[in-house]
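Scrolling down, you'll hit the structures one after another.
After this come two complexes, each holding subunit A, first together with subunit B and then together with subunit C.
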Partner chain A sequence: MTDNLLEVENLHTHFFTENGVIPSVNGVTFSIKKGEIIGIVGESGCGKSVTSLSILQLINKPGKIVEGEIRFHDKDLTTLSEKEIRKIRGNKISMIFQEPLTSLNPVFTIGHQISEAIRLHQKVDKKEAKQRSITLLSKVGMANPERQYHAFPHLLSGGMRQRVMIAMALSCNPELLIADEPTTALDVTIQKQILKLMKNLSSELNTSIILITHDLGVIAEMVDRVVVMYGGEIVEENDVYSLFENPKHPYTKGLLNSTPKIHQLKEKLQSIEGNVPTPDQLPSGCNFQNRCPFAMEKCREISPDLVASSDGSSVRCWLHQEKEVVNV
Partner chain B sequence: MKKYLVKRLLQIIPVLFIISFVVFVLVYMAGDPVALMLPEDASESDREAMRAALGLTDPFYIQYFRFVGDLIQGNFGTSFRYNQAALPLVLERLPATFELAAASMVVATLMAIPLGIYSARKQNSLVDLFITGGSVLGKAMPNFWLGILLILLFAVNIQFFPVSGRGTIVHMILPAITLGTGIAAEMTRLIRSNMLEILNQDYIRTARSKGVSSNILVYKHAFRNSLIPVVTIMGLQVSHLVSGALITESVFSWPGIGLLLVQAVNGRDMAVVQAAVFVIALLVIIVNLITDLIYRLLDPRINYS
Partner chain C sequence: MTQQVQVKQSTIKAPLLEVKELSKHFVVSTNLFGKPKESVKAVNEVNLLLEKGETLGIVGESGCGKSTMGNTILRLIEPTEGSIFFEGQDVLNMTRAQLQEMRKEVQMIFQDPFSSLNPRMRVFDIIAEPLRTHKVANGKELHRRVYELLDLVGLDQSQADRFPHQFSGGQRQRIGIARAIALNPKLIVCDEPVSALDVSIQAQILNLLLELKEKLQLTLIFIGHGIPAVKYISDRIAVMYLGEIVEMADKESLFSKTRHPYTQGLISAVPIPDPSLREVSEDVILEKDLPDQRNLPKGCSFYSRCPFATEKCKGEKPKLKANEEGHLVACHYPLHA
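Let's look at the complex of A and B:
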């Protein structure tokens, strides 16, 4: 027994397309404790969303988890039958998605959609489910919840719809909430409100959160620990203060440098050269070597391992492994 | 909603005027009715007198206005063949045609919905290939050919169904299958492609993440969304149903408006042709209106106010 709520170990999710196998996620390992908030960051296409969908077994064909374990309360989710995983979805683990505008079914009222989630997992009658839905709607800050219960999604703004999604996700008091870019599609003021709402509800209900984002500002504000992903692999993991203070991996440094800071207004904003390679076009050796300013001969030949150091951080980079070795 | 309905009903009037003009021109150009009405040995002066008595010597526009004037009073003239007013003759055939149309729609829907959904759920499987191929075949088969083939097989060789006529529900089965097959084929393909698109939507993923089972996912969350274009097609298919009814009713001697129209055209019974075409056009307009109203029930985003 561990005190980890969820442990993802050596997860490989590949997509089997007509043009060959696309290895989107390659050996991802991380864990989350009860009540903890972790962030997964990285540019688009680095495997964040695929990782999160893999946890709830929501990967559609032609995608497939080919290797690895996802242990939730020490039970491997990858081995569960469809029926067993359905009891966990929306109940013990729930998800919020990036696109609030398209994530709600347009032909059902929002109240119906929240009640449905409640009635799927809890033995309550329609009336009780409705009552609970209305309570949830007011909890997520919807004005006039009795009336909004009967509203169709198209009548609500993006921010309001994301509140509905949160209400739906929290309807069965899940132990883990996976939020996949929950605020990316919203404007900045609404982003702030939604994040605050998630953070407050999580501490109130002691829900763990996996927050997936490419926005380091959101990470800094919300999470306890950060996992940085690149090319379907974890390249660095550390607690949020150390990561911002002392980023080790050149990719993390690049990400931090390309975030505008208020006191650097006049300096030119830095960017990471090049684009994220698609998973089927990763370079030889280290995935990041073709964009890395510190790349050495060795980086082009052999891929480094993710190495944990004594301070609880881990990093996948030859620069730091050399140092560790010297230090030891 | 009420305002919308009134607006739509008022829009029917100009459309009816256009239809009346087209119907009139067609018949006007079809030739001299007097030649058919009088015996062959009638003298030219008798013919002249007949034409004058019927107002056929008047200019085109006067004849048209007279036609519209009669039409407003519901008077399409008298059938030569039946020696009765044309409109009641057409209207009394309507129930038979409605019956056949409804039965065909039922056949089409009962075939198309399960096949389309199943085909989408098992995309690219052998069964899917079979259903998709079958729907192309169903669409390609002409009504008269399928009708005759069904008669040959199930009424002549296996003598299971009556060859033709209207009466019991057994009489209805072969014509309904004949008329329904093409519509079923079209609907199956449409439901399949809609379902495939909708099953990839974000809100389906949301529902799955809630723990909804795949049956409820398909039949509740996806199906209602996929119905919206299907209703459009069903509305459009009604015009196919009418043209199909002409052929199917002829093949099975089904005493509906289609058979009446075909016989009237053959017999140059122009009053009946005019009345039948006019009634059919009106039906198509009404069905389109009903289709638009059904959208609202299916899709809350559509608002007619």
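Let's look at the complex of A and C:
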């Protein structure tokens, strides 16, 4: 078909709870090319993590993908059986989570855990797996990999644990790496090391990365293309340079204006009024209308569609739907 | 050390808070006789002067002792050594009654608005608690004051009867702030008050703190690891590394004339939300993690990670010294010298 590695089309993931249906992800469509790094930004509850878990079919009850296709190499992941998806998960698509301590098993050495991932997907013996694990550990910048191979997770610092997670995720040379807030729990100095590592590995192995974060700084430094999510929907998508230079959706603008910048002197931060909505309390019409400074009558009634424009950007906003209206 | 304190003292009229040689060591293991064998120096001989009305930011990586210091200033943790003077009064030698009196003046805002509010108390009672404890108000006056506080922090009076779980993170932080300002304190120690919040909400809370500071003439100590946020709100910033202040200066000076290599590394590690600067920004990457705090290097604590370290740094600990502009740094070979 195309040169897209992964295509997510009209994904709807809902959670069926006692208090009713919670539509966490509502019609998300995006794609990623080989070797590309895309960023998904948004605040808590916007559906960014649920989107990534949906890709790997890791949505458990009461959640369910109710609609949509996720094509990986033209194969729809939503139709695969558990056995088939296991061959892809951790092998061709792998994931790094936010909390490296809770995603590692405390009772096994890190070496054991990396070897396990290798032996699960590749036909190699124990010795070979150990060798590969040690190579991986040194590749992700662990000092003294032979010794660290036998270390238990609690002996390592947060940054080191995240390196182990990356080593494990890379163990089978995945084509796609999904990193869900990989550096949120880390200090800035360590964050810098980890991001640099991910970027180098991506260009070296031509791995595509979906980077999920709330930090616009990380987005600006890492990704090629940005998807902004709000209330379970994509509100804007653009290449990273255009998005920062000319944000179109009021939410994207608000997000940029409310980020304190280190290279600028004091200028009053503009904040977005109101609170981040949970998926069960979204307003009628446009999801953002009750916090939007430009909301019109129309916004309160009808939800706008995500409309692509000729310059390669798409935006979900009434202000941008009628032929270049006022430049707000 | 005393030298620099004097330098600073002459420029400061009336310090609200003075911290002298403050240390807090946590004992990690004891020997057979219960004597400390190993200890972690969480805060190590820190000196601070805080002027009335200023905001002092404290930045550093996790484990650098910034929160311990905040807690020690309020005597929530007893320091191992040193002294603290609040408005000239020796905090560490206060009687219980005096301490109680002082705690009216010094309040704290915590990082996690989810765990720092009692889930079984209604918002009204949470905010009223300090007023009741210190017998400042009761009856009608108490109601009036609580509603006034709700107004001040931007919450609706109708929300007073709700429980904390019915609020979002940002609103909970507002409740925490209302509680902190209830007694008209002079000093508020804010321990990472925005770290747990969403980006769009962080700006709201930062602006609220700035606004309240003006309105109520507060002095703030703002502890944070998010450097842009600390920069936004502070007048002066202290950079901590392994329990020590390695650099302290006015905000502008700290960023434009950075003197300590650690500060330089810390600042350059902050991702800049502008992709056009991606290629331009020079990288000073700090390699390695923090060293084991039980056996710190004998000389400069930053020795093991410093790109400019020499033999001198290994053997001799640099002292915190000021230049003519009052920019303090603890380094043998400061940058921008």
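Methods note: the second predicted complex is superposed on the first by the 320 of 328 C-alpha atoms of A that agree within 3 Å, B and C clash if a C-alpha of one lies under 4 Å from a C-alpha of the other, contacts with A are read in each partner's own complex, and residues count from 1 in each chain.
The rule is short, and it goes like this: a residue touches a chain if its C-beta (ideal position, glycine included) is under 8 Å from a C-beta of that chain, and two chains touch if they have at least 3 such contacts.
A quick note: this is a predicted structure, and the numbers were derived from the prediction, not measured.
Of the two partner chains placed by the overlay, only subunit C lies in contact with A:Leu255; subunit B stays clear of it. By the touch criterion defined above, A:His121 lies against subunit B but remains apart from subunit C after alignment on the C-alpha atoms of chain A.
Contacts of A:Ile190 after superposition on the shared chain: subunit C is touched, whereas subunit B is not. Of the two partner chains placed by superposition, only subunit C is touched by A:Ala220; subunit B is not. Which of subunit B and subunit C touches more residues of subunit A: that partner is C. Applying the stated contact rule after C-alpha superposition, one finds that A:Gly20 touches neither subunit B nor subunit C.
In the superposition on chain A, contact of A:Phe152 is made with subunit B only, not with subunit C. Within the superposed three-chain model, A:Asn275 lies in touch with subunit C and out of touch with subunit B [touch as defined at top]. When the two complexes are superposed on chain A, none of the residues of subunit A touches both subunit B and subunit C. Interface residues of subunit B, counted against subunit A in their complex, comprise 200-203, 205-214, 221, 224-225, 298-301. Within the complex, the subunit C residues that touch subunit A are 61-62, 168-171, 198-204, 206-207, 225-229, 231-232, 252, 255, 265-278, 283, 285-287, 289-290.
Interface residues of subunit A facing subunit B in the complex, by the touch rule stated above, are 56, 58, 60, 82, 86-91, 94-95, 97, 99, 102-108, 116-117, 120-121, 152, 154, 165, 168.
Partner subunit C is touched in their complex by these residues of subunit A: 43-44, 157-160, 187-193, 195-196, 214-221, 240-241, 244-245, 254-263, 265-266, 268-273, 275-276.
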